Structures are given as structure tokens and as C-alpha cells.
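Two complexes follow with subunit A in common, the first pairing it with subunit B and the second with subunit C.
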Partner chain A sequence: MTRIGFRLALAYRSNIIMTCVALVAQVFLLRMIWTSVYGSRPAAAGLTLDALLAYLTLANLQAFVTHTIVSRIIHDRIRTGMVFFDLARPVGYLRQMAGFQAGNTLGGLLLLAPVIPVVLLVGSITVPVNGAGYVITLVLGYVIAVQLALLISLIGFWTMEIGAVSLLYRLVSQFFAGTMVPLAFFPGFLGVVAEILPFKYMGYVPAAVYVGHISDISGPVVVELAWIAGLWGLLVLTWSRAHRRVVIQGG
Partner chain B sequence: MAEVLRALRLYVMLQRASARGAMQYRMNTVIGILSGAIWQGTGFAFIWVVMHTFPSLAGWGLAEIAFLYGLRLTAHALAMIPLMSVNDIHWVVRNGEFDRFLLRPLNPLVQLMGNRMGIAQFGDLIVGVTLLAVAGRNAAVQWNVWLIAFCFIAIVGGALIEAAFFLALCSLSLRMVDTFALRVFVDDIFSKFGSYPMKIFGGAVEWLLTFVVPVAFVAYVPSSVVLGKLDGPWALVAPLLGVVLIVLAYLIWRRQLDHYQSVGH
Partner chain C sequence: MILVEGLTKVFRRPRTFSGPFGALRTLVTRQHEETTAVDDVSFGIDEGEVIGYLGPNGAGKSTTIKILTGILTPTSGTVEVNGLVPWRDRSANARNVGVVFGQRSQLWWDLPLIESLRLVGSLYDVPAPRFETSLKKLRDLLGLDAFLDTPVRQLSLGQRMRGDLAAAVLYEPPLLYLDEPTVGLDVLAKEAVREFIVETNRLGRTTVVLTTHDLADVEALCKRIILIDHGRVLFDGAIDALVNQPRRLVVLLESEPEEVRGVPRDAEGRYVFEIHDDLPGMIASIAAEHAIRDMSIQEPDLESVIKGIYTR
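Entry: the complex of A and B
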């Protein structure tokens, strides 16, 4: 399954190349906007411009990496009835799908690799303040991203149609991940919501650890592990109900 | 003239039929519109959050940026609502369906446009018009009839510029050149860079966005005029450019059409 996901990423090369071009454009746009608003200010919300630009570059690269297509695949397979074949395999369904997503991400990473220097050049990067902490929080954040995507996909077993829900999920999660604005800038109520939601672990937290905005990672790591455990339980529970509801469309 | 009126009447009939079709899947239509609106809403939320901390972006306040954003979005919606189905041209040509269009006594472009309307773009329209209305009240602008009339003309002009690029790229598909990826890219440039004051990009990119892909004229130049940042004479450039470009794009379409070869089914 992992290999299939990997191959799929490579098969849709042109798609991913377009995403890469859009990524470069996005990073450039953000750099110009933020440079302009900072003007001659040395720092805002505890971030210097250099740190902020490095943050934004990383957060956008991460958004590319933590982008999950598994819900779209599950949705398609439920709609066409192909999900039958997945269920007939002697490996747990969720494990197959998680494996698929992991392979797909690896394929995407492979294609992204040559673009990374361009992105870093267009954006900006600094030496990591806490490299190990960055990797740890990012990997855990990725696990949360996949779990959430799977959870969203399972809704399809009840409603058959999740196109709109997953689009909404993508928009909201991207926004609250802090891909374009670090959470430190979110005002009042919006800031509270963003702090509570788990999306920040896909973008803000790892990138903020990297640039040294978050210095103590023990707190975030514990909360991330708690999210993973909680989502794990929720997934198992939801799946045990969902697979009894399976309707195979077509035949 | 009679020919144009007839095409217009048939176009309206085709769109009425497609609207009836869309209403068969009412929920899907509503969700489509909503997701368009939310998409653009989160785009603007970004600007709002940034400008909460930093009140000025290259000398533009929040209300002014909102006006620029709204103008761009409304023009975009106006361009894409009628043209959305032309986006499928590659498939229409490849399936040989385009041959059918050529046999019918109506301009094939009108038939293609009549296939279905852009649904999500109605969401763009809602957000765009709302932003324009709210920002128009909050920005320091002395509104009068002429200025409002100018806004309408500018929106149409901006829509024509975007439509011209879209149509010209689509028409290459008549000769089996797939420009889908390129169209996504151009759309990305229009939507990402068109909503900000060009000044922030500086130098080469500002020049590119003004003279190569004239994104600046879609919303930046007209809003600068409305907000008193640019002199009056510039006001006419954007709509004029729109007309010139759409005529050019149509000529390109006609030229590609002359070279159309059926895939043969």
C-alpha cells in the first residue's frame, strides 16, 4: 500500500510540479508582504523579520508535506464501491490507508527535493536553533495530520459524500496551522481557538521550534502525544462503527 | 448585430437550462457556492490578521486593501462565471464532442460557454461584493455617481483582462496543446498577486506584473484611482486594456479554430 501511494505521487508528477511552482509563488508573496509590513521595525510579537521569514518558508514547505490525499482516495473508492477490495484484504483498513498516505508523502518529498533550494532562496532560512526538537515535533505533527485525515474520511461511510467537508477541513486546518501568519499574531479570540486546535502542530509549532520562538519543546511534545493517543482511540472507535455500516455501491 | 443578439438569446437559453440542471443537485450547488466563499474568506482572513498588528501595508490601510481585494475578486468572478465550462475544452476536443458544436448553427464558443456556469465563482462574487461594499464605506472616499460608475467599468475591464488570458490559453487546446497547468499558473498569479499593492513586490516583479501579465490593471490601478492614490487619466487605461485584450484573445481563438482538426471518431 505504501508503495502504491509512492507510485501514485510519481505518476501525477505534473500535478506536483504545478504545486511546487505555486509553492514558490506563495513563499515569494509572503516574503514581500511581510517585509513590507515590518518596514524598519526590528521585531514584532517576539519575532525578528529574519526569524519570521525562515518560519514562513518552513511552514509552507511543511504544508506541502503534511498535505494528505488519503481522504480523496477513500472518498473515490467509497463512491465507486471499490472500497470492497480494500476491506477484503487481510490487513486492517486503517493501517492500509495510513501506509498509503505515508508512501504518497514520501513520493511527494522526492519530487519536492529539487525544489527545496529554490524555495529557500526565494524565501529565507536561518540556522536551526533546535534542529532535533524541530524533527520530533514535525514527525508527531505529521502523525496527527494523517489521523485527522483518516477521521474525516471515515465520515464518508455514513454520508457517502465528503468532498465539501474535506475541502472545508483543508482550508480551516491550513489557516489555523499558521502557514501564512504565525499564531503569535492571531488576535484575541482567534488566537485562543488556534491554540486549542491541533492544527498548529502541522505548521506553527515545528517551525517556531526551528527558529527558536518556542524554546521548551517538552510541553508541545506531551500535548502532541496526548492528541495522537486520543485520536487513535477515536479512530478505532469510529472505525468499529463505520465498517458495520459499509454500503458497497455498484456491483 | 442581429447575429450577436441571436447568439446572446441562445446563450441565455443554454444557461437557463444549465441552471435548471444545477438546481437538480441543490445541495451540491449550495455547497459549491459556500466553499468558494469560504476559500476566499480565509484568504482575506490572512490579510485581516496581519493588518491587526501592522496597520499599514505599503501605505495602504485595512479598508483600502479590502477594497482592492474585493475589486479583484468581483472582477475574477465576473470573468469566470460565464467562462468556467471553457476550462473543459481539452476534454471536449479529445472526445470529439467539439465536432458537434461545429455542426450546430451557433458560434461554438457560445455553445461551449453555455455548457454550465461556474458555481464556486458565485461564492467569490458574494465575498467580493461584500468586501467592496463594506470597504467602500470605511475607506476615506468621497463617493459620487461618477466614481461609482467608474467602479462598475473598472470591474468589467478587470474581468475582461482576466478573461482574455484565460480564453487565449484555452483556445490553444483546439490544436491539442494542453494548457491546463499553464492556466492554473496564470490564475494563481492573478489571484495571488493581484490583490496586493504592486509596490510591495518592487523592481522586476512589479514590472512583470504590470507589462507582461498585466495583473496590475485588474484591480490595483483602478483602486488606486478610486482611493486617490493615482491621477484620474490612469482610470481609463484599465478598461481600455481589457477591451483590447479580449478582442485579441478572440482573434487568437478564431485563428486556432481555423486550424482545428477533429480527433476523428
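Entry: the complex of A and C
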């Protein structure tokens, strides 16, 4: 299944290449806007302009990497009845879908590889302050992203139609991940919400570790692990209910 | 191989409403509609048999197959497939069965055929050497070489079906469910599918449950059929017994009496006699009493026999 996801990413390469172009453009635009906002101010909310630009570039790169197509695949396969074949396999459904997504991300990364230097240049990124910490928090954040995507997709077993829900989910998750604006700038209530939600681990937290805004990663890592464990339980529970529904209702 | 007893499946769905707020009412209703898709079905299938599992659209065929693959649990009744209860030992049962749905494909649309076959190999834990021998055999048997590296969306229906058959038998399951494997195929492609089924059954002693609306498939492949309609078994037995019925003499007369020699006039004004031995004598005696306008002799064939059973 991982291999299929990987090959599909390559099969849809024109799609991904277009996304790469959009990525470079977005990073460039964000750079222009924030440079003008900062003007001659040295720092805002504890972030220097350079750190902020590096942060935004990374957050957008990460949004691209943690973007999941597994919900679309699941939705398509439920709608067309192809899910029958997935259910008839000796391997568990969630395992198949997670494997698919992992392969798809790897394929996406492979296509992304040549673009990364361009993005880093446009976003004027320097060497990471804490490289190992960055990778750890990002990988854990990615796991959370996949778990959430699977959880959203399972709604399709009840409603058949998840297009709008996925779109909403994508908007909300990207916003609260801090892809447009770093979470440090979120005012009062919004900041609290963003702090509680798990989306920050896909964008803000790893990027902040990279630029040195977060120096001690032990706290975030513990919370990430807790989210992974909690979401795991929720996924298993939701899947067993969805599966029971298929088994009794015929989907 | 397969033992089904008293199998019943009732679907319970929220009642759907029509009208301006229909969708909303459907969402909040507590009323349910029950449909019995399979109703007290029992049958047994031995190892190595090729069974025609037939019935009109909506008769309950697919529901039965979904239960046999372990995807659905029945409302009541017992099922044993190769010693396993499909929905309880779902994973073990999955390794025992291959499935082909003519109307759907398990192949990945945008990827070369070989990728879908590799996926099947890995999902069913087929070790690499066995995968290669199995694939080699299928390449010869189904002529896959010409399109193994072609994306599935570019394949013709016949090629796609051959790909689906390959995917279903790659891990050499002892049991094969084929749901309309020849639907939409041209004569030659149908022939290729039939030959493949015969070969698979012969070489691997594979048990085949075949669902189809093309009775030529059934006549070419099956010795025994199970007929179902409205979820109930109407007939279970050898095709020979079903078709081995007397020929019939169909007569049209100038005058149309209520009955001739104990045979009543049917809705189309015909008189249908069963031919037992002396056909010339039978014709002569009818001709002696009535003016015959037209007549014909009907050979018993599967299609008319089955049509007769459905409309009974």
C-alpha cells in the first residue's frame, strides 16, 4: 500500500509540481508582506524579522509535507463502492490507508527535493538551531496530521459526502497550524484555542524549534505523544463503530 | 467447502421522506424500513465445484457473496467457508477467497497493472519467489505481457477483466467468487474468461461460485446451479435435471376452443403439449379434430426454463 501511495504521488506529478510553484510564490509573497509590516522594527512578540521569515517558509513547507490525500482516496472509494475490496483484504483497513498516506508523502518529498533549495533561498533560511529536535517534533506532528485526516475520513462511512467537511478541516488546520501567521501573534482567546488544538504541531512547533524560538523540546514532545496515543484510541474506537455499521447496514 | 444454513440478512435503514423537507426528516426520523435481502437460504458447495449462483437483479446474490467474504454479518443463520466463519475469522477467510466484480475493479486506475498485482502480493503476504511463479503462470494463461506496464485506465474492458482475474487468483485462494465476470465483454473476451475459469478450476481444484446473467457462461462452466429470487432459493440442482424435460409441441388453431385434449388455451391463444413418444401420432390426432394454423416444436433450454421458474 505504501508503494501504491508512492507511485500515485509520482503519477500525479504535474499536480505536485504546480503545488511546488504555488509554494514558492506563497513564501515570496509572505516575505514581501511581513518585511513591509516590520518596517524598521527589530522584533515583534520576541521574533526578529529574519526568524519570522524563516519560520513562515518552514511552516509552509511543512504544510505541504503534512498535507494528506488519504481522505480524498477514502471518500472516492466509499462513494464508488471500491471500499469493498479494501474491506475484503486480510490486512486492517486503517493500516492500509496509513501505509498509503506514508508512501504518498514520501513520493511528494521526492518531487519536492529539487525545489527545497529554491524555497530556502527565497525564504532566506539559515541552518537550524536545533536540527534533531526539529525532525523529532515534525515527524510526531506528521503522525498527528495523518491520524486526524483518517479520523475525518471515517465520517464518510456515515454521511457518504465529506467534501465540505474536508475543506473546512483543511482551512481550520492550516490556520491553527500557524501557516499564515505565527501563533505567537494570535491575540488572547484565539491564542488559547490555538494553544489547545493539536494543529500547531504540524506547523508552528517544529518551525519554532528550527529557528530557536522553542529551545526545550521535551514539553512539546510529551504533549505530541499524548495526542498520538489519544487519537490512536479514538481512531480505533471510531473505526470499530464505522466497521460495525458497514457490517450491519452494508455501507 | 461452503456450508450455508438458514442464512437471513435484514437491512434496517432510516425511512426516507420526499418533499421539501424530506432530507431533514430523513435525518431525524426514528422510523425504519426493513428489507429482507436474503431469506432463510441454505446450500452446500463441495471442493472443486463450479456453481452458478443465479437470480434476477436484486435477488440477494451480492448480499450472499458479501456475507461469504466476511464483509457483512448475517442477521441469523450459520455459514462455514473452508472451516471458518467468514465474519469472525475475517482475515484468515480473506486469504482463502478471491473476488472479481465485473462491474467494479480492484485495480488502481492511474497505475500500471503490475503495481496493483504487486499490492495484492504484499497484502496477502505472497513470498517473492511464489509471486514470480504465480505471475509467470498468469502472464501465459491470460496473456498479460502486452499490457502489464500500461496504466489500468488505458486498458480495454477485456484486458482490465483479465487483470482483475489475475489479481483475484494471484495468492492461489482455494475459493473464487466471480460476480458477472463477462459483463460487457465481446465474444472472444468472454471465451478467454471462460477458458481461464475452466483452467483455474481444473489445475488448482479451485471452487468457483459464479454469478452471471449470461446463461451461456453457465452452460459452458457449471454442472450445478442455485437459483434465488427475493432472497429465497428457488432451485438447487444439476442443470441436466433442469433442462432434461420433454420437448413441447406448440399449436395454433383456426378455431380457438377452451381446451384441446385436456390442454387449456394459454394467454397467447396457443396450446402447449408435452411430447413423450409418438409425435406424428400426436399431430395426426390433433389435425383430425381441428384445423391447424401453425405449429412448432420447442427444445428445452436453460433460458426458458429459468424464465419459467422466475415467473412462477
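The criterion applied here is as follows: the second predicted complex is superposed on the first by the 246 of 251 C-alpha atoms of A that agree within 3 Å, B and C clash if a C-alpha of one lies under 4 Å from a C-alpha of the other, contacts with A are read in each partner's own complex, and residues count from 1 in each chain.
Heads up, the rule we're going with is that contacts are C-beta pairs under 8 Å (C-beta built on N, C-alpha and C of every residue); 3 or more make two chains touch, one makes a residue touch a chain.
None of these values were measured; they are calculated from a predicted model.
**Student:** I'd like to know which partner A:22 touches here: subunit B for first, subunit C for second, both or neither.
**Tutor:** Only subunit B; A:22 stays clear of subunit C.
**Student:** Counting only touches as set out at the top, which of subunit B and subunit C does A:172 meet: first, second, both, neither?
**Tutor:** In the superposition, A:172 touches subunit B alone.
**Student:** Touching A:229, do we find subunit B (first), subunit C (second), both, or neither?
**Tutor:** Neither partner.
**Student:** Could you tell me if A:3 is touching subunit B, subunit C, both of them or neither one (first, second, both, neither)?
**Tutor:** It touches subunit C, and subunit B stays clear.
**Student:** Determine, for the superposed model, which of the two partners subunit B and subunit C contacts more residues of subunit A.
**Tutor:** Residues of subunit A touched, subunit B against subunit C: more for B.
**Student:** For A:85, decide between first (touching subunit B), second (touching subunit C), both and neither.
**Tutor:** second
**Student:** Could you look at A:164 and tell me whether it touches subunit B, subunit C, both or neither (first, second, both, neither)?
**Tutor:** Touch partner of A:164: subunit B, not subunit C.
**Student:** For A:33 in the superposed arrangement: first (subunit B), second (subunit C), both or neither?
**Tutor:** First partner only, subunit B.
**Student:** Using the touch definition from the top, say if A:190 reaches subunit B (first), subunit C (second), both or neither.
**Tutor:** In the superposed model, A:190 contacts subunit B only, not subunit C.
**Student:** Would you please give the residues of subunit A that touch subunit B in one complex and also touch subunit C in the other complex?
**Tutor:** none
**Student:** Contact residues on subunit A for subunit C in the complex?
**Tutor:** Listed in rising order, the residues of subunit A that touch subunit C are 1, 3-4, 7-8, 11-12, 80-82, 84-85, 87-91, 96, 246-250.
**Student:** Given the complex with subunit A, which residues does subunit C contribute to the contact?
**Tutor:** My answer: residues 11-13, 37, 63, 66, 69-73, 87, 91-92, 94-95, 97, 99, 101, 104, 106, 108, 110-111, 115-116, 118-119, 122-125, 151.
**Student:** Subunit A touches which residues of subunit B in the complex?
**Tutor:** Against subunit A, the touching part of subunit B is residues 31-32, 34-35, 38-39, 42, 45-46, 49-54, 56-58, 181, 184-185, 188-189, 192-193, 196, 199-202, 205.
**Student:** Given the complex with subunit B, which residues does subunit A contribute to the contact?
**Tutor:** Subunit A reaches subunit B through residues 14, 17-18, 21-22, 25-26, 28-29, 32-38, 44-45, 163-164, 167-168, 171-172, 174-175, 180-181, 185-187, 190.
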